[in-house]
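What follows is a group of structures, each given as structure tokens.
In what comes next, chain A is part of two complexes: it sits with chain B in the first one and with chain C in the second one.
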Partner chain A sequence: MTSRVPAFKVRATARVADRAMHLALWLIALTFVAVLIGFVGGILKEGWSELNLGFLTRMPEALDAGGGIKPELFNSLYLVALSLALAMPIGLGAGIYMAEYAGQGRALRFFRLCVETLAATPSIVLALFGMILLVQMLGWSFSIRSGAVTLALLNIPVITRVTEESLRGVPRELLEASYGLGATKLQTILKVALPYAATGILTGVVLTAGRAFGESAILVFTAGTNVSQHFPDFRLSVPGETLSVHLWYVTSDGTLPDATQIAAGTAAVMILVLLALNLLVRLLDRAIRRRTR
Partner chain B sequence: MLSPQTPETKPVKLSVRNLDFRYGEKKVLDGLSMDIHAERVTAIIGPSGCGKSTFLKCFNRIHEVSSAVQVSGQMAMDGVDIYRGGIDQVDLRRRVGMVFQKPNPFPKSIYENVAFGPRLFGVRDRATLDGLVEDALRKSALWDEVKDRLKESATGMSGGQQQRLCIARALAVNPEVLLMDEPCSALDPIATAKIEDLIGELKENLTIVIVTHNMQQAARVSDYTAFFWLGKLIEMDLTERIFTTPRERMTEDYITGRFG
Partner chain C sequence: MAEPMPDLPETTLDAPLLPDGLARIATQGTPCPTPVFRQSHLHRLADRWTHLLFLACTLLVVLLIGGILYFLAARGAGAFFPLAGNTDKVVTFREVFLSTNWDPGDGHFGIVPFIAGTLAVTGLALLVAAPTGVLTGVFIAKVAPPWMRNVMRQVMDLLVGIPSVVYGIFGLTIILPMVGHAWLADAPAAGFAVSAAILAVMIVPTVVSLSTDAFESLPSSLDEGSQALGSTRWQAIWRVLIPAARPRLLTATVLGLGRAIGEAMAVQMVIGNNPQWMLLMRQATDQTPVLRFLFTPAATLTTELVQELPNTASGSTWNNVLFAMGLLLYLMTMLLILATRRLGRQEHA
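Our next item is the complex of A and B:
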């Protein structure tokens, strides 16, 4: 019996479209990389001459040239660490609740709406909220603690989301295996789900750290534009200008004769720290993945 | 294998009466009743979607981990209702182990996979754990293959080894019943033969219920066979009778490949 189905051939136009799409996507990716290299390269080139040990270890100057960024670099890292320490327990807890306990109903939808609203709140709104509530009403003034708490508000929704997503990505088979052996829900979460989700959560936390590191609006209004004269000053009540605030301040204030050079150097340091942070997450991710997958 | 000439000497381990199972609006299981004997292998066969896998999961209530289900009727183990008899779900799952369709070892070492269950129940002592791990791996005929690489990741093993590891992991908490949900469907014939041999050995002191879509497998490993169709139990009898002289026309049509 001869078949009625003709011997189909892939049409030439389909082939061409396939190639063309491949080429177009490759060009878009290339443009992206080129823009990024140009951008990062430009910042590093501008700031390169400023990058020396003296710049990193001197105190800033208010009126004269030759100031450094020692306390700003310290404050940036200190504030990121404090805000993460505040945001992690809340974000992780909320994420675990949403993924494992909230079910699929109305409670989950409401909770998700709250998290998304907080995530979408412009940072200037959080900044003013922090300033009115913490700096003024509670009388915390422009300080490390006002900055850390307000910055944590920025971090919480991101950590919550990434925790929830990572936990939802845990294969159902592994959870069933655990429950099937007589594990309780808590045991399953602690021994199976969280270890598996760890790399995803870690990546999210480091990205959050990067965002917090670069944040300026919130910190201008809560941590202020001054630094303590002691170093290192771990007190929570002292003002804590960060690198990004410093960058903004020296360029807009205009009293420093070498403001342009200081800004270029500060920007270069920030970029380098962020690159180091990204490198770190890669290494940690690989190490954890080897142990838990 | 049990033959029609020898009388059943083993007590009933699991008894099911008028079991209905609803998932939302849909009735998945409809009025099932059967007795499952201790230290026997009971196979459940039937076309895809007949509810055999759902039925299996009723024995350890693992559905209830992720979704709300409605079960009515009675399901008892050693005469105690496992839904209303005051048995804790978590305790039930320790007593009624499960092996899944796809091998699902944890992304941990071979040793840690087997030790996972005992650790849940508070076993900390290294020597005790070592003993339990070795014992479970021997029972699942895996010890000789893995004794020198217990620290290696379980995900690097072959599919058949992974499935035997999952059996070892289930055995390590000393269950009374072992549920197997198409345990060989992802395995090649050699690995399948090893699992089938293992089932024959394990039934010495375990009650085994196995769901399979492979009728030859049911014929090879089981003492009893139950045929399901559209959520109903059509026929259950000694495997030898089901495959030679079934009472129902529908059973005969299914096992001879006329539908399904």
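Our next item is the complex of A and C:
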């Protein structure tokens, strides 16, 4: 019996290489796992001793040790909520248009290019834009509103993309059934497609909230590095330093005697919030998978 | 709008006549209550006009791209031309883009050190992140058992979610002292090496998730055919899968590069912020230029913006040159996005 020569020569070296690379792939992957564990562990270990109720509920100090992060924590949540409230309608609208109205042609490709470009725009560039237009030209100065609007620019492309993708994932027969029942296109989108896509969109929104929560470059130049003396201050015209900006500012400014401890504690708080958000995303994801199965 | 009547359809609708998907939903209840649609003049009017609202949202995104370009260009151009609102002297393109001397107090605005710094730190980061990212992508898509696949996805999700200032503080308080003690006899370790290492970890999730998608979208016949011809696993990956996925792998790398170029805070916290780093390099006379290069405090386009923009007066040459640097950053990322388009077209050709 003649056996054909295989296209790949499997010499001993090839087998050794196969084994070696298999091992190497595992090692690389495990390195990333170790990096993550080392990272989160390191941050939490440094900041653990700072984490107490007093740290979370005291006002920050300008020159003395012992300041807390109460207003920063509030500003972080307030700014994330405001920026999402601004970005949601626009992102949803643009996503709906791209998925349902733009067709498949050149217009869709152009809109996608624009959304991708905005998504890839460095946050420091968005910060410069917000600084020129809002802080200086409109005279809003360093304030919550300047920060919220500029931060919304960061959220819009992400929400647009996730809305478009989720709407494209809606099963065709569902839409056809809706049209079959006599619904208009708008009714189909609002009452059939959007409810079906809602969990997917919500996952994207939670991820966006996490990104906005951690953003600092934008807010340094638009929301400023000070906090209001009142608490809680819902006014839109006061400066609103967030947790991430505070973390950066105390380490680079260097006037606080306990800057290192405050930075470590702030970092630990941020990591804990983000871990919680991540858990939320995972639960939403599981809900989606249970439904589609 | 019509009142949704969630409970009615189950009894009134003739289930067998329904398309499969709706019948399933009608009989199982939620996810969406089957609506009963009522048509009126108002509904038809809304249907005809609301898409303009959605179009307006989309056009706003387009407008934003142009608006950012316009405002940055208007301010950046003030450095080179005597425009309105410009209160200071103008400089030439030569003085800015071809000079390595950054000394704003003395009227020197050469931004070559920052461009070189950006290229150096992103290049180094990519050198680490691109190969490891692509290999991790192969690992997740083709090699890892399902449980490990899950673990890796979660690891990457978490890595991408960590804010840049937290990366920065980790580098500042943990990595810099460690490196300084271990290799540099307690010298500060700020510079390209540590910045690039942190940047690499920050962009790896982008490269990994896109290259995992690339490998998963390849037809399984490629993999199977190769192994049926007698290749080992690794030969199939190296000679068949990676070449087949090449355009998308390059796209993944380019998008990673885009993220690295735009990163500001994490790098600013660990790079040392020294605009004169090229001068320092030239004066250094020690025997190990590579080591000196890796651990010289330096600066990049983004770090310089963070460092100096708050201290400059609006309208001054200094301020305008900084905005020109921002414009340069924006144009760079636009160019990278267009490059990924090019690569995408290559894939279909």
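In this section, the second predicted complex is superposed on the first by the 248 of 293 C-alpha atoms of A that agree within 3 Å, B and C clash if a C-alpha of one lies under 4 Å from a C-alpha of the other, contacts with A are read in each partner's own complex, and residues count from 1 in each chain.
The rule is short, and it goes like this: a contact is a pair of C-beta atoms (placed from the backbone, for glycine too) under 8 Å apart; a residue touches a chain by one contact, two chains touch by 3 or more.
None of these values were measured; they are calculated from a predicted model.
Touched residues of chain A were counted for both chain B and chain C, and C has more of them. In the superposition on chain A, no contact is made by A:Phe231 with either chain B or chain C.
In the overlay built on the shared chain, the residue A:Gly180 is in contact with chain B and with chain C.
Contacts of A:Tyr196 after superposition on the shared chain: both chain B and chain C are touched. In the superposition on chain A, contact is made by A:Val220 with chain C only, not with chain B. When the shared chain is aligned, chain C comes close enough to touch A:Val40, but chain B does not. Chain A residues in contact with chain B (one complex) as well as with chain C (other complex) are 171, 173-174, 176-178, 180-185, 187, 191-192, 196. Within the complex formed with chain C, the chain A residues making contact are 6-8, 10, 14-15, 17-18, 21-22, 24-26, 28-29, 31-33, 35-36, 39-40, 42-43, 46, 89-94, 96-98, 100-102, 110-111, 113-118, 120-126, 128-129, 131-133, 136, 153, 156-157, 160, 171, 173-174, 176-178, 180-187, 191-192, 195-196, 207, 210-211, 213-217, 220-221, 244-245, 247-248, 251-252, 260, 263-264, 267, 270-271, 274-275, 277-278, 281-282, 291. Residues of chain B touching chain A in their complex: 60, 62, 65-66, 90-95, 97-98, 100, 102, 104-108, 116-117, 120-121, 155, 166, 169-170, 173. Here chain A touches chain B in the complex through residues 171-185, 187, 191-192, 196, 292-293, going by the rule given at the top. Within the complex, the chain C residues that touch chain A are 2, 4, 18-22, 25, 31-32, 35-37, 39, 43-44, 46-47, 50-51, 53-58, 60-62, 64-65, 67-68, 71-72, 75, 132, 135-136, 138-140, 143-144, 148, 151-152, 154-159, 161-166, 168-170, 172-174, 201, 204, 226, 229-235, 237-239, 255, 258-259, 261-265, 268-269, 302, 305-306, 309-310, 314, 323, 326, 329-330, 333-334, 336-337, 340-341.
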